[in-house]
Amino acid sequence: MSTLAFDFSKPVDFVAIGRLCIDLNANEINRPMEDTVTFTKYVGGSPANICIGMSRLGMSTGFIGKVSNDQMGRFITRYLQQNSIDTRNVVTDHSGAVTGLAFTEIKSPTDCSILMYRDNAADLLLTPGEVQEERIAEAKLLLISGTALAKSPSREAVFQALQYARRHGVVVAFDLDYRPYTWSSDEETAVYYNLAAEYCHIVIGTREEFDMMERFESNPDKSDRVTASKWFDYRAEIVVIKHGKEGSIAYTKDGSSHRARSFKAQVIKTFGAGDSYAAGLLYGLMKGWPIERSMTYGSAAAAIVVSSHSCSDAMPTARQIDEFIESSQADE
Amino acid sequence: MSTLAFDFSKPVDFVAIGRLCIDLNANEINRPMEDTVTFTKYVGGSPANICIGMSRLGMSTGFIGKVSNDQMGRFITRYLQQNSIDTRNVVTDHSGAVTGLAFTEIKSPTDCSILMYRDNAADLLLTPGEVQEERIAEAKLLLISGTALAKSPSREAVFQALQYARRHGVVVAFDLDYRPYTWSSDEETAVYYNLAAEYCHIVIGTREEFDMMERFESNPDKSDRVTASKWFDYRAEIVVIKHGKEGSIAYTKDGSSHRARSFKAQVIKTFGAGDSYAAGLLYGLMKGWPIERSMTYGSAAAAIVVSSHSCSDAMPTARQIDEFIESSQADE
Amino acid sequence: MSTLAFDFSKPVDFVAIGRLCIDLNANEINRPMEDTVTFTKYVGGSPANICIGMSRLGMSTGFIGKVSNDQMGRFITRYLQQNSIDTRNVVTDHSGAVTGLAFTEIKSPTDCSILMYRDNAADLLLTPGEVQEERIAEAKLLLISGTALAKSPSREAVFQALQYARRHGVVVAFDLDYRPYTWSSDEETAVYYNLAAEYCHIVIGTREEFDMMERFESNPDKSDRVTASKWFDYRAEIVVIKHGKEGSIAYTKDGSSHRARSFKAQVIKTFGAGDSYAAGLLYGLMKGWPIERSMTYGSAAAAIVVSSHSCSDAMPTARQIDEFIESSQADE
Amino acid sequence: MSTLAFDFSKPVDFVAIGRLCIDLNANEINRPMEDTVTFTKYVGGSPANICIGMSRLGMSTGFIGKVSNDQMGRFITRYLQQNSIDTRNVVTDHSGAVTGLAFTEIKSPTDCSILMYRDNAADLLLTPGEVQEERIAEAKLLLISGTALAKSPSREAVFQALQYARRHGVVVAFDLDYRPYTWSSDEETAVYYNLAAEYCHIVIGTREEFDMMERFESNPDKSDRVTASKWFDYRAEIVVIKHGKEGSIAYTKDGSSHRARSFKAQVIKTFGAGDSYAAGLLYGLMKGWPIERSMTYGSAAAAIVVSSHSCSDAMPTARQIDEFIESSQADE
């Protein structure tokens, strides 16, 4: 059991800040995008997916972000509302920004790529003054996502959100979600990821993402334990390092490490695996479950999403996950 | 009959320079875009549409432009080639630019709008040095389009193309195609539109587009004749001013004006009407037809396109236009 | 005698458009700038210098430009007024731009360099709408300078000024004044220099500047005659090509070429030679003098300026030039 | 006596990071800049001035910064070296940046202003990777200055320097030095000032600068004590709040506050007062003097500098300060 100090007197379970975008998923799959003709529109963006996932799992949720003042922005806000997510802090841009897009290409279940449109994206224009302190103060858990750190003023909005979280005793989870295309330089990336991680109680990322953060440090063996222990000197209680097919490992401040079973899935595409995993994991941690059980729940959620065409729209309910786990055979 | 001095010894009929983009047309029509779920992908951009139109009409054609180094760019180049358009001067960007997008929304046949993605668009990165003098020298007619003037270096590429056209005796048509969103200011727009129009033999635009160009001039009554006569002091032979539903009027250097019949169509959307009109008109002029007949041909092409779901893909062949004219009842 | 069609019914002799800046001339000369300690402030910028020169020669003059809203901008405007230059069209910037600076370094009379500050310079922010048509309409001669073409919106302001000059029958002189540091690319430079030169009756530049303009053309021998004859196909009557120490050569539309004597000077620095030459030459042409005599007058003005510490402040009067010529021994 | 934990085993006393620029001080004073004609060149920039001050006081010092690749940059580096400052971490820019300039205007001893040139300034281009960890590791005290936080990548270089300081047990002083002109927004300013201050042991600023930092907080009475106590929750040991003519007040973590005498001076201009004060204060703190004595030393240094024409060049030696204090009559 983790030592995360959720304040259960707070009325809202979960609030996420950051990217809201549109996925345009190729309908004709198992071919290059040059040969696809039609696309289906979904809400996307890592923190949006996780928030939708948490809401599907029955948590009371809210989102802090910015959308374009057009049909895409209105579609996003409406979809969040349809998923019972509080959108009072979803601000509408008035500078002519657009919604970020992600066209997905599924050449095969294991060969997936994304064509991103991130220029002049509304979500990166959220300002610190637009972050409502009350939205954070009332939440048990705040999720931040690395992409929101990529540019000003969204970057400052996240740091301001972190100040509010500290001021009001809100647990913070950091999904590294590093996307190189929006950053100016690797050095800049490392500096801000490290600054933000100092504030966080739960840090989740891939080995490669942690390597990027250790640019100015010494961890020659890329040791997970060295990586994790650095953050326990700050506020971290749990550090999860993902190793793709080899599974994830969670370190806790007490020095122990944890692994969980993974599931066999009928993989259509790999997109959304990380977001659904995060939702399942955070859900378990908020329920007070042991870390292994929380990780297993995340893995099951991921297995469900990768066997579906969409990400956000495929986020499972607790009943779906329970049934999936029951009927599944774990890989060893 | 016009006095356009086409050099029929040149081996290529038609070359266009400028925007190449992707249209994403809502499949579910007669509703706001918030309620559409799937989109179909087509090649778009006014000069691309006109070039495809000319090629469908049997002309030998080429394109001068720039595409992104990704699936969208490759799709565009392949589609042009499939339509028998010479793509030797379609350059691939290597700076990380994207393909411009146009999401179409068809609320009703008369209430259509476009959501544009034009930030960091590859087509605006064509440089003057990338324009192949030989491509222009070998063509009878060069088409330029106003959107390519919106930003450097594409703007300079167009001016360089105009120099080559003058150097090699190529007739130039200017489709004004004014799109406010890519321009910095109305004044800048007016300056470059006027500079470019000085080089052109055929100028085609709406009344509103010509108004924009007359920002620093005196034409208080917005007189079409005053507008047209200015350009006859430069190189223009034909000036076509479009008045939407009231039809178009063409002025020629000899002082005469010309109108043509229009056609009743089963309108699905209005997009593509101008481009198909331009293709039909230019085709007629190159055939040496009287202006009225050329205008009628353009109107018929437009009527065919607006009754279809796409723009580029619906560009008609000469046989389709001929059959349409035969079977149609003209509106009076 | 030239065939320049000055309209002598116009009330103003000369109007210049373009750069207004500050020269900060090292007081301690014949050493590197690292060793200089104090600087003296002068008004600078090629068209400003020429305009001051014309005013000193007794011409009625005006300036079209933009200055910063600070002490530097006010100093410039006041200095122009003290030199009897009409400043009604010297606009004050309100965007926070600064005045361009030129720190001069005089290591030896023949080894001079300039350290430029051109970022966010107010003069490049002049807009086409700020150019007063009346200022141009009332002038016999308009001078444009290449540096003003380097960036938008100043670039468009110059093209709009050229439109007004054509509309009102104003003779136009183009001092190429190419400064690489403010331009984005050589190709862009060539395109706009050529576009602007098409409008001009007098074109003055160095061989290197004309080479830059011929980037997209064929003049393999860098022939002055080939260079000059191109512009006679447009509006040019006189093309002056400067060859540094070997002197200048002027071509006229009738096919003749002209050279003038040069003068021995006590050279302190080379700055300002071109501007004073232009002022003397244009003065002579406006007086109706033969080209040779005009060129000689320019050379004498240049000899006076290079033997002084400043540029603008050293611009000579007609009496000074006359006395200098009388007392001088010409070099052969 | 303060509780600052200087590590006296470290070989270097003091290292500063940030702005290096040029002051151009009007030689003709007591008049508006429009009426000044000559300027004298000095090295400037708040951290540069403080570093020069520390070196004059006999401390071993170094600087971490970036200079332009031109005469101005070379002048700065040479001047630092002449003042016995280690310049191994003064990097030369190769992107074409310039040195920031500050033209001073002294209308009267109490009416002074500065005209800044900060566009494309080399000092703001220092990258995190260019900061030498060794330079910080070997120093007892690191000084950071707010202006270096104004833009990327200099902003990230400062945060990286703060990481190194923490890693190696270096005391950090933060001179707020807020200059609005280089910042994008007040909100951004507040966010980064607060982030940086969390790392610092000594924070020095004016009441107005602390107000700016409290934008997202509650301190309705602008209480100095509230301001100071916030930082004692992080790493601060001393917070100095300056109230102009009313003098400064220093708070220490133990809850006490401290004031010092000020000195009567023959004021020529007010520039440089804060920098010399900081140098004197930090010198005293490093000597282990009581806070009051350190503040008095700072005040005496300031009184010496404001009665001189320059800032950097007037920074006093310890003997000058001692003699000044002896001979002075304190104001009450």
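By letter and in written order, the chains are A, B, C and D; residue numbering begins at 1 in each of them.
Simple rule for what comes next: contacts are C-beta pairs under 8 Å (C-beta built on N, C-alpha and C of every residue); 3 or more make two chains touch, one makes a residue touch a chain.
Note that the coordinates shown come from a computational prediction; the quantities given were computed from them, not determined experimentally.
Using the touch definition from the top, how many steps at minimum link subunit A to subunit C?
Graph distance in the chain contact network comes out at 2.
Could you give the separation in Å between the centres of subunit B and subunit D, each centre being the mean of its C-alpha atoms?
60
Between subunit A and subunit D, what's the gap in Å when you average each chain's C-alpha atoms?
41
How many Å are there between the centre of subunit C and the centre of subunit D, using C-alpha atoms for each centre?
44
What are the residues of subunit B that contact at least two other chains?
In subunit B, nothing touches at least two other chains.
Once you've mapped the touching chain pairs, tell me: line, ring, star, complete or other?
Drawn as a graph, the chains make one closed cycle, so a ring.
For the complex, give me every residue of subunit C touching subunit B.
Answer in residue numbers: 127-129, 133, 152-153, 156, 159-160, 163, 184-185, 187-188, 190-192, 194-195, 216.
How about subunit B: which of its residues touch subunit A in the complex?
24, 27, 32-34, 36-41, 70-72, 74-75, 78, 96, 98, 101, 103, 105, 115, 117, 119-120, 181
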